[in-house]
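Two complexes follow with chain A in common, the first pairing it with chain B and the second with chain C.
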Partner chain A sequence: MATPGRLATIGLFASQELTLAVRSRWTAIFAVVFAALALAVGGSGYILTGGLGLQDFARTASSLVQVVLLLVPLTALLIGVQALATERGAAELLFAQPVARGTVVVGKLLGLFQALAAAQAIGFGAAGLVIFSQAGQEGAGGFAVLVAGSLALTAIFLGLAAFIAAGNVGRRARALALALVTWFVAVVLFDIAALGVASLLRSGHASRLLVAAVLLNPVDAVRTGTLLGIEGDAAFGAASLAFFRIAGGRTWAASALLLSVAVWSVAPVALAIWRLRRADL
Partner chain B sequence: MIAFERFGKRFGAQVAVEALSLRVGTGEVFALLGPNGSGKTTSLKAAAGLIAPTSGAVLLGEPPRPAVDPAARDVCSFLPQKVSFPDALTGLEVVHFYARLRGAPRSRARDVLEFTALNGAGARAVGTYSGGMIQRLGLAVASIPGAAVLLLDEPTASLDPVGLQAFHVLVEQHRRDGRTVFFTSHQLDDVERLADRIAILVEGRLIATFTRTELTGQLADRGVMRLVLGRRPADLAERLTALAPRATLEGDELVVPGPASRRPGVIAGLQDLGVDIRSLTAEEGRLDAFYRELIGDPP
Partner chain C sequence: MRIGCAAAFVLVAAAAAAQDHMVAPGALEGRPDARTVSPLQALIDRAAPGARIEIAPGTYVGDFIIDKPLVLVGRGRPRLVGSGAGSVVRVRADDVVIEGFDIDGQKGGDLGRDSSGIHVYGERATVRDCRIDNALFGVYLREAHGSAVEDCVITGIPGRDPGEKGSGIHAYNTLRFRFVNNVLRDVRDALYLQNSSNGVVRGNTARDMRYGLHYMFSDDNLFEDNTFENGDAGTAVMYSERIIFRRNRFLRNRGFASVGLLLQQCDDVLAEDNFIGDNARGIFLEGTIRNTFRRNIVAQSDIAIVMFASATETRFEGNLFMANMSPLQLVGKRADANFDGNYWSDNSEPDLDGDGRSDRPYRLTNVFDHFRGNLTAADLFSDGFAAAALATAERAFPVLQPVNALDHAPLARPPVLRDVPRPEGREGRASVPVVGASGAALLAGVFVLAARRRPRQARGLRRSLAP
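On to the complex of A and B.
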């Protein structure tokens, strides 16, 4: 019997993971909550304009950034760890097959990414349709940047979930706890800590710290990049503004942010594969 | 087919297996026995490529390749001790997935489900299966590729009677087809019934290996004949030294250890000495007692 090639095997794992994610109540809950929040944020523009109409795509996208930054990393980490930190018996059966461990990881991640992207598409699509019907297509480019940012966060935090799961085969509860800690550090604690430390430093050092913070934390990189794409530096916080000034322009800032996002998308997956290859199961 | 070459495995300071050298040949049914924590599962997992040796090597197939090399595992199929599957998939979906992964035809999925008596439950989600059914599904998955080497970690521990029957059929099929089965077990009945060769591990060290013939001989040596004697000569105890050197006389009972083949000679000798034999019982050596003797666990 001829075993399938590497690409076909990746496709097989992706397809199975997509099936599992579609049948998972967690994916369904995420899709519903995300759609509800997107519609609520989109609809809030109607109230803010005094009932005259919805805000356009760009303003809605700005309002949705915070929802995406909070919800997408959390969901990607939890659903990713839930799927990848399988029970020991399942992992042993799977990894005893004549398939490289990296192939399994990449295939599963692809399937999970497809499932979460589809869940987000429901939310973005619903909000987009409502806005388009009421406010036209003005600012649709900014909305597309937000969707891209959301997908980037999904990829990055699925990679981090893979890294956590690779060190916790058969220990799902521990992996889930680590996923929550990772989310808290990346989304909540990191910015507070960076700003706190920066406030104790002299101006030059503080700026450099804040610039580093934007590039080192994927949430900050995506936030800065998305806001930059939607409405320039108008909505920037202290760290993003410091980064934008030092980058010396939109092109350099966007390039540095894209590089940061690319590294964050690839490095955790590569480390997860490396970790899993060395692991005794 | 499977070669452990001074295989050693440590987990931190703990030595799981030490310098294990063992060869399991093509077509052999080989059982690995030992108390809990003796290194059986570690050795089996090393053969399945799940554990990398700390020292030495574990090789699979012809030409031999390290088991940690994914391509080497083309020749083998592994069933873990406590197998599990995603609850949301049906039995048929699970089997289809592994059939595609191993390049087996789609029809094979139906065959293995039927073989493990799960064909009626194939459309049901695994989450609704009992523990015995899940273990049977594991057996079905392990038998999909028809691999040259079947690695089974305590396969009968959680099997229901239907699964047990399927397991025995699977092993016999492999034996007939000249394929290798390497399994660990605590079920000595299965070992005695199925294994061509047995190895015993204690605290990570190989302490004994036996072929089926050698084991039969060892068990025969541990057989015992008990005779209740009536009238007998006064110097019987001395005369027994020549007739049955290991025999002991306690009151009216004469206990003669040794294989069944020697018993007729002993009985004839006693009759020649004028001994009146009132009753006689015989029992064969038991694997569990022999096993306990080997691992130093008194009965």
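On to the complex of A and C.
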């Protein structure tokens, strides 16, 4: 029997990982929680704005952004680490197979991504049904940006999970703790630190620092890009214009955000593979 | 203070004179010459004063002057196409009525001569049910006391720079005017009022211009049920007293320095039941005394209220402040204002005794106010989780200098303000393609998760084991 090609091997790992992820209770819980929150926000968005009839869609979608920013990185990190940081002894068995370690990692990540994307599709689909059966298609573009941002966050934090797992082969508890710390830093602590440092600097430097911070942290990059996509320049008031000016125009700002997301999607995976290759199992 | 006011008056007057508004009486556009005159001129010249003339449908090219009391009525909407040399209709007598025409200004004339669709220099004129396109000014009233503009649709010159076109309706030195149910767009300033008092402005809609309302030295005017939307600068009211704004909508003024409603050196203004929404700044007060804001909705502004220390004795009662990025910006560290019984959507103080008011006063501040002054980019983080964490921390350990503005008895629940007009809902219909795509995404997700839920062999095994 001929050994399957590299791509086919990746496919095999992806398929197996997808099956495992789907049967995991965590994926089911995530799917249910995400769908419930998305539905709740989508359904109540019109009430929360006081029924003012003004930018209702934008406010609803902005609330969905908060759900995504909070939940998606956390889930991707936890499920990713659960799946990739194997129990003691399992890694030795797995990597003893005649398959490159990179192939294993990429295949597993693809499978996990499919599972999480499917879970999010349920939530977004349900929210979209509720929102767009009331609101018409005006916000469809912004909603698409939000879905894309959510998928990007999934990819980025799965990659980070792989990186954490690669450094903690056989130490799952430690990997999980590291994942939680990573989430807290990326979602809350980083912004507070950026604002704290910025408040010590002079105005011009401070603004540049904050814009750099937005581009550096993938959570901020996705948040900024998504909110600008949904609400336009009104998203951050004058700060939107400051952002465009410092980034050198709208096109450059969008490119910089995309570049940040792209680098964060690829670099952790590459580093994880490099780390695994060097690991002495 | 008074000297400052006087100086400002002189400056503005000089600026106005330098602009174009104060044309010497001799510069009024007079009788059009033979090349530019409309065929209707002969008809008008033959009519007896006070006569009623009906104009048949058709296109009439050229300008004309009305120099006696006259009622001019278009039947079947005749088109008056200007010569392009100046005002199309020039009213130079009292008691003139113009009704039922479509007027095309041909982008012609001169801002310095106030070239208009209809230029009125006479008292008690009525312009009704006219459509005016491509004119520098739509209707210009000059010393036209007691005149009315009703049910007109005035569109300026789309695409032309605001500085190179005139106002929709321009009132200069005109008392007791009435502007009712007009629609204005693509003009410099939709309504421009100067030295024009005791008037009524009701039911007008103004969109896509520089200022929706540009206003000075005009007292005792009443504004009801108007909409001012999408202005580069917003609505600016200056150097005037005793103005009433009721049930108006100030919407989507999103320019860098736009304001929903700006009051500068204005005293005793009452604004009630207005909707001020989606503006860069909602309300702006400078050099004002005794103004009252009651039962308005101020929503989704970057800053709800900008207040200078020179704004004194302002009252805010029973307003609904919803989803503004910041409630208040003080210029000068002093707020001589009384906030009482307003609803603030970011007030999270509970109402444990159930009296409808929060148990503690609401401080009109936001952590980001302390950054915003010299750090615009801080707002990039204003709706992140860090902002929420900072706000909570600041409430628990107040280290920042407190803003001296409190609502002593904030409403715990949003008040029902039935009289406040709401913006029209955008397209309320369901969108089939997007709803379909959402449904497809939902089904695809369910399918992927369901298909792998149980292994096939196991299912087969269970079937084979079933009795």
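The definition used in the following text is that the second predicted complex is superposed on the first by the 260 of 281 C-alpha atoms of A that agree within 3 Å, B and C clash if a C-alpha of one lies under 4 Å from a C-alpha of the other, contacts with A are read in each partner's own complex, and residues count from 1 in each chain.
Here is the rule we go by: a contact is a pair of C-beta atoms (placed from the backbone, for glycine too) under 8 Å apart; a residue touches a chain by one contact, two chains touch by 3 or more.
Just so it is clear, the structure is predicted and the values come from calculations on it, not from any experiment.
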Open item on the list: Quick check on the chain A-based superposition: chain B and chain C, clash or fit?
Closed with: fit
- [ ] Give one of first, second, both or neither to describe whether A:Thr224 is in contact with chain B, with chain C, with both, or with none.
- [x] second
TODO: Going by the touch definition up top, name the partner, chain B or chain C, that contacts more of chain A.
DONE: C
TODO: Based on the superposed arrangement, let me know which partner A:Ala148 touches: chain B (first), chain C (second), both, or neither?
DONE: neither
- [ ] For A:Thr19, select first, second, both or neither according to whether it touches chain B, chain C, the two together, or no partner.
- [x] both
TODO: Check whether A:Ala238 is in contact with chain B, with chain C, with both or with neither, and answer first, second, both or neither.
DONE: second
Open item on the list: For A:Leu271 in the superposed arrangement: first (chain B), second (chain C), both or neither?
Closed with: neither
- [ ] With the two complexes superposed on chain A, say which partner A:Ala90 touches: chain B (first), chain C (second), both, or neither.
- [x] first
TODO: Name the contact category of A:Thr9: first (chain B only), second (chain C only), both, or neither.
DONE: first
TODO: With both complexes overlaid on chain A, what's the closest CA-to-CA approach of chain B to chain C, in Å?
DONE: 6
Task: Shared chain A contacts, counted only where both chain B and chain C touch the same residue - done: 19, 23
Open item on the list: Residue numbers of chain B touching chain A in their complex, please.
Closed with: 11, 45, 48-52, 70-74, 76-86, 88-89, 93, 97-98, 100-104, 138, 141, 145-146, 151
TODO: Name, in rising order, each residue of chain A that touches chain C in their complex.
DONE: 18-19, 22-23, 27-28, 31, 49-57, 59, 62, 66, 69-70, 114-115, 117-129, 132-138, 140, 143, 187-192, 194-195, 198-199, 203, 206-207, 210-211, 214, 220, 223-224, 227, 233-234, 236-239, 241-243, 246
Open item on the list: For the complex, give me every residue of chain C touching chain A.
Closed with: 251, 254, 256, 275, 277-278, 280, 297, 299-300, 302-303, 320, 322-323, 325, 345, 370-371, 374-387, 389-390, 414, 422-431, 433-435, 437-446, 448-449, 452-453, 455
TODO: Going by the contact rule at the top, pick out the chain A residues touching chain B in the complex.
DONE: 1-4, 9, 12, 16, 19-20, 23-24, 86-90, 92-93, 95-101, 278, 280-281
